[in-house]
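All chains are identified by letter, namely A, B, C and D, in their written order; residue positions are counted from 1 within each chain.
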């Protein structure tokens, strides 16, 4: 039974992919919604009945607690995104974007989801790699969806950097293969994650460390670790908002999964150097993001930098180990939801005003009351404030860090505050206040409009079907999930942390 | 909401809900005293405990929010267009009520931050650029505070492996205490961290400012009391001295800046900083005495702290409500535009006068009572003869007395310029009379002020249970028995009831005497102005003129800047027009916060240029540089 | 044994071709060099296949020839013709410095290779060094050259380096994985070409 | 503390005597000053006559006056009365002696200032605001000194009530000089320092030259007078009498610091009273001397002299701590 369900997780997106070639856009939006609900339910069923590592589809795919967490994250966010796209596509088509473009949109998005699923579930590192590269290619055309010069440049940067990065990741796999080859010979088992883990200490340590370093730099490029992050803000800010949500929310985690797999393999062989690399990259990423975020003028770039910061925190948590791993896993899930919230709600603003610059958007509290408050709460949530779920992950991670070193903990806290200054200050600027204080044109259209004077006065009710808000509001409430995390999910997270090698203290 | 008839419904509903839940919480906490209960969730167990400290704070919060709710039943009608005010303020008060009964760190942090979030939403409620800046500064500072508190709790957790406050007794070492106290001081607006307060409190609607200034800042005191007197491992008494000195500096600078303000609410906000400083002084003395084992001194200083919390809460909330009424009925908060309001708003001015007297510690009102206890405990700590404490408490006495006198000046300015004299502008001229419900909301805390000031014995014996909970001893409030048990207390005696009674009797006698034996003729005439233009209200002393001479003496505190611009080509002595500009800068803001912000921007500029290059070659270069660095680490470091 | 020695010749030729690439500022020549380099790679794989008599490696040889020697250069030429970009490439550093850099990167690769590779793992000695060196020099190509095309060439060189490493072990990677990898590579080249076209059009317009 | 009828009665008598004597002291100073200047001088009972005259005059109120104008004179007056009720003059106990806390006294003085300045601002005249601002300017500077002096006394004697403080000093002096025992507990320096300090403060608080000139109505020099410029009739009378009371309060405290001699039983009262009056007259002469010798100083030089007072009291406090 469970095998069938597991197969279904891959089959359903594949089916959606095939459907998207033939089906009309409006129908496709229903279909997409249905598929994502089904995927969500399937994943839910799998999660509820899951008890041990299971291999399926001929040994090429497997599921354990760690990728189950990411799978749950992907399916949940995809559900909201599909829901949102439903309204988004309609309002965009009404706004004059051609249907054909949205057909492409659905095709590439489904390809993206499918290859991401393949990546996440793959047992074979080679398949993981193929899937990950495929996500880059599938999203490349989504990033250049707007067909502007900026979007093409962003895509170019994205494809080149991620391809190179993933090529380095491939090198890592090859080097890993050098040593697993000596244990298993020429067979699929040499690349099978489960088998490599079993080989454990029999593997050559020098190869393992080198492969980890290559994987960290290579896949780390796709995760958005600090010195290799340059593509990330550009790419994430260019695509349509639902795609940005997926890119930021889950694709980064998919790439992180690759690093984690290598980390696990190193751990199984008894090597502990990698943790310092993870901590170092995590810290560097947070630092760069903390000092870059204040200078951003485009709100989607702002959120992209925030994603970077969160990936840094997650990596830091995994590097610290122990209790922090639980935090990182929770952070993966909640960050995806919260970032989805931010991108989707800013998508509403973008769709209505066609303006990405922060200083052109003012007084959302008046013109976009629902979107505005959702955006504001989302910004609070992403800063890791207590009533929001992100706080939970952060407090676990910080507990781990404080256990390791108090001053590192304070340092990270300072960086988090800097991120808060940048992110929240800018979102707040959009939420209240006037465009250019002391503007003489206040009596005219500018008074009511969020955008600059060239645009007509817009407010949210005019442009969007109400359905756009439903996922936002559900997401908003889910970012309060801290108060009630479903027990099975918590169990999965804790088991994943145990699997990862973290001691369970809570 | 288009229907005007239903507009007030939110206001009535949520204010009544606040009143009801305040009453409910009070009853609950009295009924469930010393019991605890747990609300279970899959992950967090929200545990609550009703101990003496939380009982005290529940009653404190709920009574003041009760008054404010009564006040805003009518006052809030100008906010009916955006009823979110009432929802947020209800949630704000509720989260504070839950905060003080929470018994584990997660519950505490959640409600702590909920409190901050709702108050933040209320600060930015008006939506102006000014309120955005204030709100952001506030939220940033409070976020830093929360993070420090979180760090303290994390370290406590690591020490005890438990979330529950029950296990934290005696667990907090010096780093934990330092982190927590810094975090809480930010919320309390203590001096180096006070910058947000004078911006945030004035921009909120008045009923919210009243809650924030009267109640919310005291939540920080709650946290500090909890940490210092319950969680502290009791190692370092120097912390107490630091608190004392910082508190004294806050008190002095707070009131000095208050004196320089023109905006009524800003003046009140700075006065909040002063009063928080006074509370901190008490906490410092009490904690120091606790560590150094001077029991009676500890109890006495704690009494001063608790009394001052109540007194400040009552008078400050009533004054903020009063300032709200002034704002509402004259449309300005700038006291240079007011004047003569006493004629138009007679009852309000009496209430305001008593509030002003209370907050500037005029005997025999309540403000003096707590300050008196603080003086006595400071003298007590001089008596201990401890090498450091003696000198620091002398400094504290000096600063406190200076602050007391400056407080008198500041509030004389506030009351005199606003309510007395001639109306300075049309705003004041056309002031309307406030509604009776609004005045009832102000009158209730004012009556309590008088009651506590004149007959404090009941409230002190009530506070004794809190003092016992925190310190393990009690203070005898009996005015006529010189009790031997508490050495410091028998040192001196202030019997407010007697003083007040004698005062009243003498006043009546004198009044009666002068009514009988002196001429009772009265003539009402224009004020003499040397025979010049007698009706010109501009001839009056202005608010800034009032404070300028004091500011000139203490100019080193202000880093102020003033200049007079004359029109150039006019005759030397008869100038037609001159412009006086004055600018008072907060030295902490000017020399710490603004440079820090500039530094952050500078570093960000550098980072942004270096790390976020748009050039793909550079980006790829970073990628491969990282790879090569990792290779080098791999070759040479990892073995 | 003789196969291994011949294979070493091909390996050296790969390195030589990439160094030549560094020293030349012409795009067309670079594509031709890439094609040649892929051919050398294919021959290396063929030698391995003959030596081990491995079906897997024969398959590898065939798909390498198809994708790398023929299809990808073909598409690149086509794109080049469309965008009419046939001039010298601008560089951030001069050619002599670049060549010196390439040499020092080879040194670094040798250090790493010495640390991990024991003799007998790979088919042909110093394969790993050459592969890593090619990899890093390819990266250098991407960094130092301003044209989008050189970035593609550099990327492809990196890919070749990895392919070389992957096929240097007795039987190579599993064929399925290799096909997946090559297909991805091919698609990414297509997408990159598309992007170049779009970018050119945008710049022109 | 025993609280019996005798103390009550003598307390009341003491209070009334001091209250009644107050204008006399003020008049005496005035007279001395005028004689020193070579004028004939007023009747030393002139201030009683003035007060009586003022009571019979009508009140002229400003149009802008509010309720403050009607209550402030009474409150100011009663506040000074209350302070006098707490003070011992020539008897060891006073009527409110059990609650005669030093801080209470200092803050009560501030209360009087508070209402007087509010009165000044009530009529909306330019002088009123000026007077109020200047009054608070002085108070902000002198109030800390005053509190410091009182607290130094409290620390020196380890007593909090002003009656006990002076009794302690008296007792210590008696012990040290008469019986020679316990002389280590007695210091001459500390009370003397405090006396000088208090003298400076009282000059500023009582609006005397060189800080203020009570006799002129020139706007540049006015401190105290500007506050009550609008007062007339019985209000002015109350203010005037109040200022005499305030002067008496300060003089009494000074006299007790310098040479405390208070009757402990009913038989010592006559001699104690005579000594009290003598002390007061000497102090009056001292003040008159200072007023005659010095010119009025600039307003912004006042902080200099007040800071001297503050530092002297600080030194006194530190010296008293060293005795522990």
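Side notes on the structure shown:
In this text, a residue touches a chain if its C-beta (ideal position, glycine included) is under 8 Å from a C-beta of that chain, and two chains touch if they have at least 3 such contacts.
A quick note: this is a predicted structure, and the numbers were derived from the prediction, not measured.
Comparing each chain's Cα centroid with the centroid of every protein Cα atom identifies chain B as the most central. Subunit A and subunit D have Cα centroids lying 77 Å from one another. Subunit C and subunit D have CA centres that are 100 Å apart.
One inter-chain figure worth recording: subunit A and subunit B are separated by 43 Å, centre to centre, where each centre is the mean of the chain's CA atoms. We define each chain's centre as the mean of its Cα atoms; on that basis subunit B and subunit C are separated by 70 Å.
Counting partners per residue, subunit C has 112, 115, 139, 142, 151 as the residues that reach two or more other chains.
Counting partner chains per residue, subunit A shows two or more touched chains at residues 156, 160, 164, 168, 210.
Listed by chain label, the pairs that touch are A-B, A-C, B-C, B-D. Listed in rising order, the residues of subunit B touching subunit A in the complex are 41-44, 106, 109-110, 112-114, 117, 124, 127-129, 131-132, 135-136, 139-140, 143-144, 146-148, 150-151, 154-155, 157-158, 161, 175, 600-601, 603-608, 611-614, 616, 618-620, 622-623, 625-627, 630-631, 633-634, 638. Listing the residues of subunit D that touch subunit B in their complex gives 1, 55-68, 74-75, 77-79, 81-82, 85, 96, 98-99, 101-104, 106-108, 110-111, 113-114, 117-118, 121-126, 128-130, 132-134, 136-137, 139-141, 143-144, 147-148, 151, 154-155, 158-161, 230, 233-234, 237-238, 299-300, 303, 310, 314, 317-318, 321, 324.
Contact residues of subunit B toward subunit C in the complex are 616-617, 620-621, 623-624, 627-628, 631-632, 634-635. On subunit B, the positions that touch subunit D within their shared complex are 339-340, 342-343, 346, 349-350, 353, 357, 360-363, 368, 371-372, 375-376, 379, 382-383, 385, 390, 394, 397-398, 401-402, 404-406, 408-409, 412-413, 415-417, 419-422, 479-480, 482, 491-495, 498-499, 502-503, 506-507, 510-511, 514, 517-519, 521-529, 537, 539-542, 545-550, 552-553. Those residues of subunit C that touch subunit B in the complex are listed here as 92, 108, 111-112, 115, 136, 139-140, 142-146, 151.
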